[in-house]
Structures are given as C-alpha cells and as structure tokens.
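In the two complexes that follow, subunit A is the common piece, with subunit B as its partner first and subunit C second.
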Partner chain A sequence: MLNGSIRFNLLLALPALILTILLVVFTASLSSSFLSSANLANLTNRVLPLGMVALGEAIVLMAGRIDLSVGTIMSLATAIMALTVSSIGWLAIPLAMLAGVGAGLFTAAGVILLRINPLVMSLATAAIVKGVTLLLLPKPGGQVSYDFYALLFEGESPLGVPLLIVILVYGAFILLAGWTRFGRSIYAAGSDPRAAFAHGVSSARVDLQVYALSGALAALAGVFLSIRILSGDPLIGDAYTLDAVSAAILGGIALKGGRGNLIGVLLAVISLVLINNTFNLLQLDTNLQAIAKGLIFVAALVFFMRGKAGDAD
Partner chain B sequence: MTTALDNRSVPVLEASGISRAFGQNRVLRDVSFSIGRNEILALVGENGAGKSTLMNIISGGLPQDEGRLSLDGAEYAPASPLEAMRRGVAIAHQETAIIPDLTVAENIFFGREPRGPLGLIRQQALHRSCAGLLDDLGFSVSPKRLGSDLSAAELQMVEIARAMSLEPRVLVLDEPTASLSSKAAETVVDLMQRLKARGTSIVFISHRLGEIMDAADRAIVLKDGALTLDAAAGEFSRDDLIQAMVGRKLSNIFPERPSSFEDTAPAIRLQDAGNAELPPVSLSVRKGEVLGVAGLEGQGQHELAAALSGARPFRSGTVEIDGKPTNLSSVARAIALGVASIPDDRKRDGLALTLPVRTNMSLFAIGRESAFGLLPLATEKRFTEEARDRFAIKAASLEQPVGELSGGNQQKVVFARWLAHTPKILVLAEPTKGVDIETKSEIYRLVSELTGKGVAVILISSDLLELIGLSDRIVTVYERRISAEIARADFSEEHIMRCATRHADEPAEVVHA
Partner chain C sequence: MQTSVQSAVLVLEKLRPSPATLRAFGLLVVLLCVLFVASGQVSGHQILDNMRQAAPLGIITLGQALILMMGRLDLSVGATAGLANVVLAMTFAGNMDNMAYALSVTLGCGALVGVANGLLVVALRIPAFLATLATSLVLTGTTLVVTGGSPRGSIPAEFRVITEGWFLGVLPYSVILWLAAIAGLTTLVHFTMPGRRMLLAGANARAARLNGIAAGRMIVISFVLSSLAATIGGILLSAITGMASIGIADAYTVDSIAAAVIGGAVFGGGVFLAAGVSIGALILFFVQSLLYVVSLPPATRFIVQGGIIVLALALANIRRKSD
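Let's look at the complex of A and B:
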C-alpha cells in the first residue's frame, strides 16, 4: 500500500507524532482536569477550525507556494455568517466558502498573471480581505443562530461531531494528496516545476487549484469559528495565519514544496492546541503564549531544514 | 549493409525542408532526412548546431517554420509532445525531467498511473508494472527509489524507460550518454541495439564519435543549422564526421601558438590545495600556457573553478602566485591578485540579464576607473564603447538588456567585463557552451592573444576538440581527483576519454573500435 513517495513523506510526519505523544503525556501528568470530558471536548472544538485552515495552508505549501491571507479569510467568513445566517439560513455557509475561493483565486491570479511573489501577493490579498471584512462588520457582532451550535457541538455522535468532521475531511484529503493524479500533480509542481511541466503539469493550473482550496478551507474554518462564538468578529482570524503555517511546517511539509504528509499536519494541529491548552491549564499569561508560538515556529523551521541539509540547494 | 538498404525503402519518419528561426537567429535551414524501420540514426553536430531544436520539432515540443514531416507516409504535425507520443514518437531528454520527490515508478508512469475505484492510484500495481518494465529493459534500478537519490546514469536510464513505457515506434534520445562514464554509456548503447532488434527506430544525439561508429546504421551531421553529411554506416569515417561538424580543418579555427614553456616561470601553483568539496589537488600553470581540464560532468572541475575564483576558497594546502605563497580567500581577493574567472553558467553567475549591456560591462570597472567610488558617465561610455568594438559585440545599442542578446554575444559581454584589465591568470569554465562557431573562433583568438601577453589560462571544458585545439597540456579529472596529465604530443579524443573515465591507478581498459 505504502510503496511510493508516500512512504518517504510519512517519515516526515514522525516528529509531529512524537511531539503529540510527549505533549499528551506531559499535559495529562500536569493536571488532573486534562482528561475530563469537558476539557477533551474543548480540545476537539479547537482542533476543528485550526485543522481546516492548516489543511489548506499545507496543500499550498506542498505546491511550493504560501498563503498568508488565510487568517483574514477566516474573519471574512465569520462576518458573512453573522450578517446573513438570519436571512438565508444554512446557505450562508456556501456563500462564505465562495468568498474564500474568490480570495484564493485573486491571489492565484496575481501569482500566475502578474508573476508576483506568492508571499507578497497573498499578503496583499490579506490586506484587501481585511478591509472588506471591516467594511462589512466594523466590530464584533451580528448573530449566528444557536441551532448551528447545537448541531455542531451538542450533536449525537460517539466521538463528537467536530472530531468526526476533522477525521472525514482529513481522510478525504489524505487520499486526494497521496492516491490521486491531482495530488501527484501538486507534489510534482512543488518538487520541480520544470520537470513537472515536462510531465504535462501546468503550474498555473496547480496554483489556481491549491489557492482555491486554501481559500475554501480557511472560510470553512471561519464558519466553524462563527458557530462556536455565535457571532462574527472581523479580527478573530488574524492569529490563525501563523498557526496554520506553523502547523504545516511542524507537520513536516517542506517550505520549498514537494514533500510532506497531511497526517503530520493534523498531528501538528493537535500539538499546537495542546500547547495552548497547557498554558490555559497552568494559567500562564496569554502574551507568553504568543512568544512561545513564535519560538516553536522557528524551532520547527530549523529542525526540518537541518534534516534536509543533504539536498539543500 | 543490404538490410540497411532495404530499410531505406520503408522510412518510418521523414522530414523534408525543415527550417526554424528564433527571432533573427536561423537555427535550422532546409533540413531533410529520414529514418528507416529498425534503424539507429546518429545525429551529430557541435553545440548550437540545431540538433536539439530538430529533435524538439520531431517530438512535438516546437513547431517548424517551414517544411513537413511524415510518419509512415501520413502527414505528421504534432501540436504537443503528448500528441507526438500518441502517434508513436517519444523523446528522452538530455536534461532529464525527473521529479526529485517522486519515486522511479511514479515518475515513469506519471499521469498514466493504474487506477482503481474512486480514481485512486493503485500503488502496488504501479510499482509492480514498473519493475516489469525495468526488468524487460535490463535496468537494475529499484522502482521504489526517489528521483533525488539517483545518479546521472540512473536518471538517464529512468528517462529512457519513461519514453520506452509508451512503446514508441520512433525513440528520440537527446545526448543519452553525455553525462555518463564510458561503462554506463556502453549499457545505453547496448540498450539501443536491443530496442532496435525489437523494431524500434532510434534517433540519438551524441558527441562520442566512438559510439557513433559502433552503433549507428546511419549518421547525419548538422552544422550551423544545415545538413552537411548524410551517410550509411561504412560510408563515413570519424574524420568525415569531424570535417562535416566543424566545416574546416581543426587548425583553422584554433590559432597557432608557441608550444614551449620550458623556461617560463609558473604563474600559479597549487600544492595539495583543497576544501570540503574538493580533495587536495596539485597543479601548476606557466605564464602564457593553457592548461586544459577534461572530465565528464560533475567530476570536480566546477569545484576547482569555484575554489580558484575565491567563491568557495581552498581551506588546505598552498597556493602560489608568481612564486609567492598567497591565498584566494574571497572573490574580491582573487580579483585583486589578478585571477579572472569566467563562470560556465553566465545566466546565474555572470550577468544581470535585465540590466543593459553598458551596466553589465562596466560592473567590474567600478573600483578601478572610479574616483571616490563614483564612476563618471563619460568614462563609462568610453570604456564600454571600446569594449564593444574590441569584442565585436552585436547589440542594438549599449542600452539593450543583456538577456535579449544571443548566447554568443552574452558570452562576449562577460569576456569584455573580465578582460577590461589583463589578468595574470584566467580561469575559463565552458567558455563556448551554447555559442555559435563564429563566436567560438573569436573566443579562441582572444585566448591566444592573452597567452601571448603571458596570461596563464586554465580551460575547463567538456568539448574535447576545444581542449585539444587550445591546450598545451591537459589534465583529466575523475571522481574529483586528477587522473592523468597528458602532454600535447599524446592528445587524442580516445586517450583523453580513457583517462577521464578511470582512476589514476586503474589499469587502462581494453578499448574496442
């Protein structure tokens, strides 16, 4: 089953697995309340939005690109939900996702047509999306009906609905990345665009696809977030951009593209949520958390770059 | 030869009157040839003669401006490599298009993977059928290895396997043996013979005259885009090939130079100089002498050039310039000591492609001609105009971006920059890669002019004719060590190749043909 490059990519997820296990053991030993069902439910509720946005980011990184607009797309989605759920009901969800796809395609257009560096282009998209969001919803507010909350967080399911969604979505994308021609074209474009072109892979097409997916998944993350807070918040997504890139890198996705496995990303998401949880359980200053996150990001970058020193360009 | 004659009557692929230009540059002029069934056709020509362009046209990578192609008598005008493949013409590229992060099997069957339910790729079946294919072709590469793990020879094998997996009727091989050792090259030649026996027609580009004499049923030679020879095996000799490639006797493009350096002092001497990438090397070059460095790709010659230029300095051993111990610890220091290095990748290391010719040429003059770090415009103008005339640079104006010039003219700009002030030591890496024959002979003349002034030249080249024509002495490198030193009297392509493909202490192989 695991004959091909998947085998090599799974190895890259190993550090995230070890980190997750260590963190679970560490946190459980620190505080007896860690294993309480309330805390576990709280954990899965946090894994859901970060998991979605990190998934999209990871796919973009696999193609050798980056998307720094995902946090603002999340905020935009919460605003769209808060403003339209009362009038159009569940249709607000596809509407928010469509907006996310639009933002993604905008970034892709700049990268493909104007040949703007992806990092810079997605930063520009982020500024525009943020502006649009603040025009729509200048301050936190609006309302997302409690019905959605009940369905998502109080639904009948042995694992809890959020965890079920995470498992299904990640399962689908793991198959997509590793076992389809589409997934292979993403790895190929990220690995060596020139060689990929010789195999008939158009990197422009891959760019369009991955940025659209990233926008859609970031919007979905925003949808879940708005359901949890029962409203919209024009700035709530800002912190998620770094977390999403962090989770992807920590999960073993190569910053230069072509390598990594999404299982690693999910494990890295769980690790980041656990670190967050530990800070809360220990009642540490939230500003320390931001510092810690930045340091973890740098550590992850250094760790994986060292691991690949042999074939660094 | 009767079979070959019979085969001529049923050409598989026929090209007539093919022409192609890139802008002003006419790359192919009215080229006609045909390939018979079960025939191995060798395509020979110097760098820049139009070989790759011709092969690209045949395999659907480029359209021709004029002329027509036919396949089995039917019109053949492939719009893309994919369409060419469908019609049964596959190409294995020289710069192998292997995706580094995918396995051999995933690379070979990319886009044609066996799929099961839900369109999911069947990894097991993919790797099994790849193993079958590689077995069948007699390749000993595991289908499970990553592209980034493969050696140059293995990459070439995988590239050929990829083309063969399409079961083509015409297989085009673009310099399949260029980066291979002689042993690995023999495997590829064997493979061509086996494929031929199975009914595949093969066109291969090669610079190795030995293997052409061995394997080809027919050879065609391109020179400056025109066909200069088309002959069946047995009807041409090595000399005929060289004559047709170069178009004149060797002595005519290589200037006459004095050949005795007995009483001249060494300009540069390395004694066990090395660094992390380069095992200790010892050599010396006298004033006015040209030392050729021959070797297959990646045998350490580029590390040597980088060390001499100061970009990747020597860390051990000694360096003497004009008999005085010194060091080349940085690029700035190497330049100050009079060591000029012209890199082989002018696009990456030598030129700012988007800047005008003027700026590119005067880059190096800054600091020498400048007053208080400023370069007066008038000085720059005088300097660049003189250089343009001296090096016969063809540009619309000095304000034209360098990237728009032809390869030959770009190379002349590099030379103009470095040779504005005569250096003591000139390190040339592949100085004529991708330039036309006219520029080539101008570059050769320039080298001769410089040696006349006492400049010591280290010439690193993969072009054996160039090394033979220009060098006073040749050292061969193999696996990052000097494997032999050859005096001018013993120069021959075969001898150099032999030395370049074995260690110094290895006995010479028995060479056939």
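Let's look at the complex of A and C:
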C-alpha cells in the first residue's frame, strides 16, 4: 500500500547511505588529504554533472522506461556550449538544453508513436546524437568562457555554488515526485500502466514528460561539464550513461518502474563519486576504475533484484 | 522412399526464406542498383569482395540474432570482438608457429565472456542488456589494464590469408566461413533438438520451463555462441587490420543490432532468420560504403546506424499492425 509515494520509501535509500558512510570512513582513514577543503570541493564539483544526469535517468526508470542516450546528450551539450558560447553567451545554456529536450522527445516519439522498445529506441537516439555531435565537433576543442567557470567553481570551497545547485534541483524534484499529481502519475504509470490509464493517467503523456526531462537534465549535466573543462568533447559523456543507470539502481530505483526515491539516487551518486575519488587518492590505475564500476554495477543489480524469482528477463 | 521424399519436402519447407528475408533481399538489390548508378559499375567480383570485408560484421550479427531470438540483447559483442583482436595479436606475436595457441586462447577467452554473460543473466537474474553492458565495461577496462593502453604483438602475414585469400580464386575464405556459420546456426536452430529447445525458450520461457526444458541452460549456451561469434568476427577483423588497437570493434555492438533488425529480427524473441540478418549485415555494410563513396564525414555513419534501427523497427511495427 502507498507503494507509489516517496514518503514511505525512504528505506530504499538505506543501502546507498550505508555505502556512502563506509566509503567516507574508509577513504578518510587511508588518505589524510581526503577531508581537505580542496578535495571536498573537487567532490562536489564531480557530484554536480553525475547528479543531474542520474536524476533524469532515475525519473525515466521510475516510469518503467530506460534511457541509454543520456551520455551522448551530455557530449552534444558540451559541443554546443563550446561552439556557441563565444557568440551568444549564456544563451548557449538554454540552447543546449533545448537540444537535449529534442533528443528526449525523439526517443519518446519512437516509443509512443512507433511502439519501438524503449531500450532499443534510446540506443538508436544515442547513435544519432553521437553522429550529430561528431559532425558539430569532430574532436575535443572549442572554448567555453572562463567567466562561467569563475561563477560556478571558483573559490575551491565545498560549500560553493555546485552544492547549492545540487540541493536546489534535487529538492525541487523530490517535491515534484512525492507531492504533485505529475510525480504520482510517474509512479502510477511505472507500476501498472493499465491501472494508471483506468485512473486517468496517460502513459504516453508520462513517457513524453520523463524523456523530455531526462534529455534536459542530461544536457544540463553536459553544460556543467563543459564549464568545468572549459571546452567541448564529443565523446566525454559516453561513460556517464552506465554511471547514471548504476546510480539510479544503487539508489534503490526499481528497474521495472514504480518504486524508488530520489534521495537514494543522490546518495548513490555521492558514493560513486567517492569510489572514483578513492581510486585517485590511492593512486590506483585509472583503468581499474572501469572494472570496479562494472563490478559495483553488477553487485547493485544483484542486491536490489534478489528474491524476485520467475522473472523471464 | 515415400518418407524420405516427405522429409525432403519438410526440410525445404523449413528452408523457405521468410517474407522478412525476402524483403531484406529486395532492399539489397535496390541498394546495389543505387551503388551501380553512383559508382558506374557493380560486378560479381566486387560484390564478393564487399562480402569479404563485411564478414566480421556478418558473423557478429549472427550471434546477436541468436540472442535476439532468446528475447534478449547482447551489448558486449563490440567489446568481445575488441578483446579477441588484442588477445590474438598478443598470443600470435607475429609468428605463424603460434597459430594453434593463439586461436585456442582467443576462442577460450571469448567462450569465457559468454559463460560470464550467461551466468549473470541466469544465475544472478540480471537483465541481459545491463549484464552485457557491465561485461563490456569490465572487458574494456581489463584490456586497458593488461596492455597499458598500447597493445603489443601483430598478426603474421600468412594468417591474413583468411581475409585476403580467395578459395580457387572464386570465393573469399572469409565468405566461406560466414556461409558456414549461417548453415551451422540454421541447422542448429531449425533441425536439432537443442536448437528447438533454445527457440522455444526464447519464444516463451515459461512454456518452455513447463515442458521440461532447462531454459536457463539454453540461455547460457546462446550467450556462449554469441560471444564465440563475436570472437570469430574479431579474429577476422584482426586478419584485415593485421594489428591490435584499442576500441577498434566498439561500433559492432550497435551495428549488429541495426543489421539484425534490417534482416527481420524482432525484440520479442522466438525468431531466428540467419539468411535475413546476414543480408541485413550486407545492406548495412553497403550503406556505409555508399556514405564513403559520396564522401560524407565518418560521423554520418552513426546517424545512419540509428536511423536504420528506427526505420526498420517502425516499418516492422506498422506492418504487424496492419496484418
């Protein structure tokens, strides 16, 4: 009962919370520089893009869909930023987000109108977005003005603008998911589309909304990334797709939709960033991180899907 | 006598190309006409030469089609083919004497990837596309860690005969290998009991289980076969390039899905059209070379990749609705 409401699902965030605490204790005891203000600022700077893209992915998963195009949308946003900031200034940010929304709507159109499997449709969107990005910006380059960097990241304080943005955006979406008609329609469509339809929730409309949101948030993540690296990179976002899905699952979002809360997702994002940070502080081979990420992903899936026998897929 | 005629009729009945295969073939003919207009000449020799180069994709697509038959998706085929490329070059070390060793180690690694995928899906109940996505991440990471980013070794020139050479000057060896894979998988799926069990497990896992079929085992076997197909594709690719490079086969993952859906593969499972998906692979290869002929930038390849998937599935769905 009340499965659909966020307020009764806080327990789902517990594993991510425990993992975060363990990681903090572990890394802090191994490396003295972990708790330095510079390192903490570095952590919040990394939580910012992954947090945005994971939020979008989590919303799509709550609606029972999946979006494997978020990484390429991030890359597209960095390319748009790098190419247009010098001529149109801050207007490049809404432009990049508009492109993200466009990509999301394209996926939604394939899912709703052409009845293509969401997984495959988002893979197709990913391929197309990647192609467009590589047409716009064949190799890393372009320039994003330092003014944006100064506004966002300067000061090297862990309590700076990035933290504020994360808190505001997550706060807004937690309210949206748990306390509005829109949020409940996502949970409803995700847990049982037919029952939701009988109660006046159109799953097509929910699909359209969640994919558009996911595209916009992925693009926003790309915007922050391009500001941090001061340029564009047509392939930089690719690795974020799995991270985003990983964070959502680790945060307790059910892969089949209808269950989960966004606090867990934020904690999972923090723990993924912490793992990354631990690898860096302990000066381990960065390529080992890819292996570790894959294994963590598998572990998260096993942990959260345990005991659901009889599922064919 | 009578029965042998009957069984011959039955075999022919089973081998009759499906409508989807015929449609793919029709598309291929149209494409060849376009190529003819664009480049001025299309000869049988030239088509065979293209098939020779398309063979890696063709064989990888066959594995992907097998997984699609099981109602699942294998997102690790590109990484597996890339692993085969790196392992083959390292074990060969440019010396033909190492051939038996190199091939067995490479195929062994491929089979291991398949077993891992299968166990993740069956024993740990992870959805196949996520399990294989995680596998591909681990494979890419492992390749980078082991090679330090710059893979060593090379493929000896004598071995490259399998993609450069022509049997009696008529048929390229790699095309023979491709045709053998089509024949082998068609026989397996349509003419043997294990194959039929796999098909049923893919079409309806619950019905299969109720009929006493070990559906889980069938899934593991299909993943091993898919990874082996990806490995063979990677070996052929290595023979074409002659060396190892990181990430060389990444595009094969989405390419193989695109090729399979052009050839009539469906996502619900239960359909296996070896000839159809092979024609799909050939079509994709021709489209990509057409892009090259009209000198569009390489990035358009990805747009075409995605566009083809959307188009092929949209057409298939519209047709299903009207039927």
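Just so it is clear, the second predicted complex is superposed on the first by the 295 of 313 C-alpha atoms of A that agree within 3 Å, B and C clash if a C-alpha of one lies under 4 Å from a C-alpha of the other, contacts with A are read in each partner's own complex, and residues count from 1 in each chain.
The definition used in the following text is that a contact is a pair of C-beta atoms (placed from the backbone, for glycine too) under 8 Å apart; a residue touches a chain by one contact, two chains touch by 3 or more.
For clarity, every value in this text was computed on a predicted model and none was experimentally measured.
Q: Going by the contact rule stated at the top, is it subunit B or subunit C that touches a larger number of residues on subunit A?
A: Of the two chains, more subunit A residues are contacted by C.
Q: Just checking: does A:V302 make contact with subunit B only, subunit C only, both, or neither of them? Give me first, second, both or neither.
A: Only subunit C is touched by A:V302; subunit B is not.
Q: Considering only touches as defined above, state whether A:L11 meets subunit B (first), subunit C (second), both or neither.
A: In the superposition, A:L11 contacts neither subunit B nor subunit C.
Q: When the two structures are overlaid on chain A, which partner does A:A195 contact: first (subunit B), second (subunit C), both, or neither?
A: A:A195 contacts subunit B only, not subunit C.
Q: For A:N117 in the superposed arrangement: first (subunit B), second (subunit C), both or neither?
A: Once the two structures are laid over each other on A, A:N117 reaches subunit C alone.
Q: What residues on subunit A does subunit C touch that subunit B touches too?
A: 311
Q: Which residues of subunit A touch subunit B in the complex?
A: 1-8, 175, 179-181, 184, 187-188, 190-192, 194-201, 258-259, 311
Q: Residues of subunit B touching subunit A in their complex?
A: Touching subunit A: residues 81-82, 93, 96-103, 105-107, 110-111, 113, 115, 118-121, 123-124, 126-127, 144, 146, 148 of subunit B.
Q: Quick one: which bits of subunit A touch subunit C in the complex? Just the residue numbers, please.
A: Residues of subunit A touching subunit C: 110, 114-117, 119-121, 123-135, 138, 242, 245, 255, 285, 287-291, 293-295, 297-298, 301-302, 305, 308-309, 311-313.
Q: Flag every residue of subunit C that touches subunit A in the complex, lowest number first.
A: 71-73, 120, 124-131, 133-135, 137-138, 140-142, 144-145, 149, 205-206, 254, 257, 261, 267, 297-307, 309-310, 313-314, 317-318
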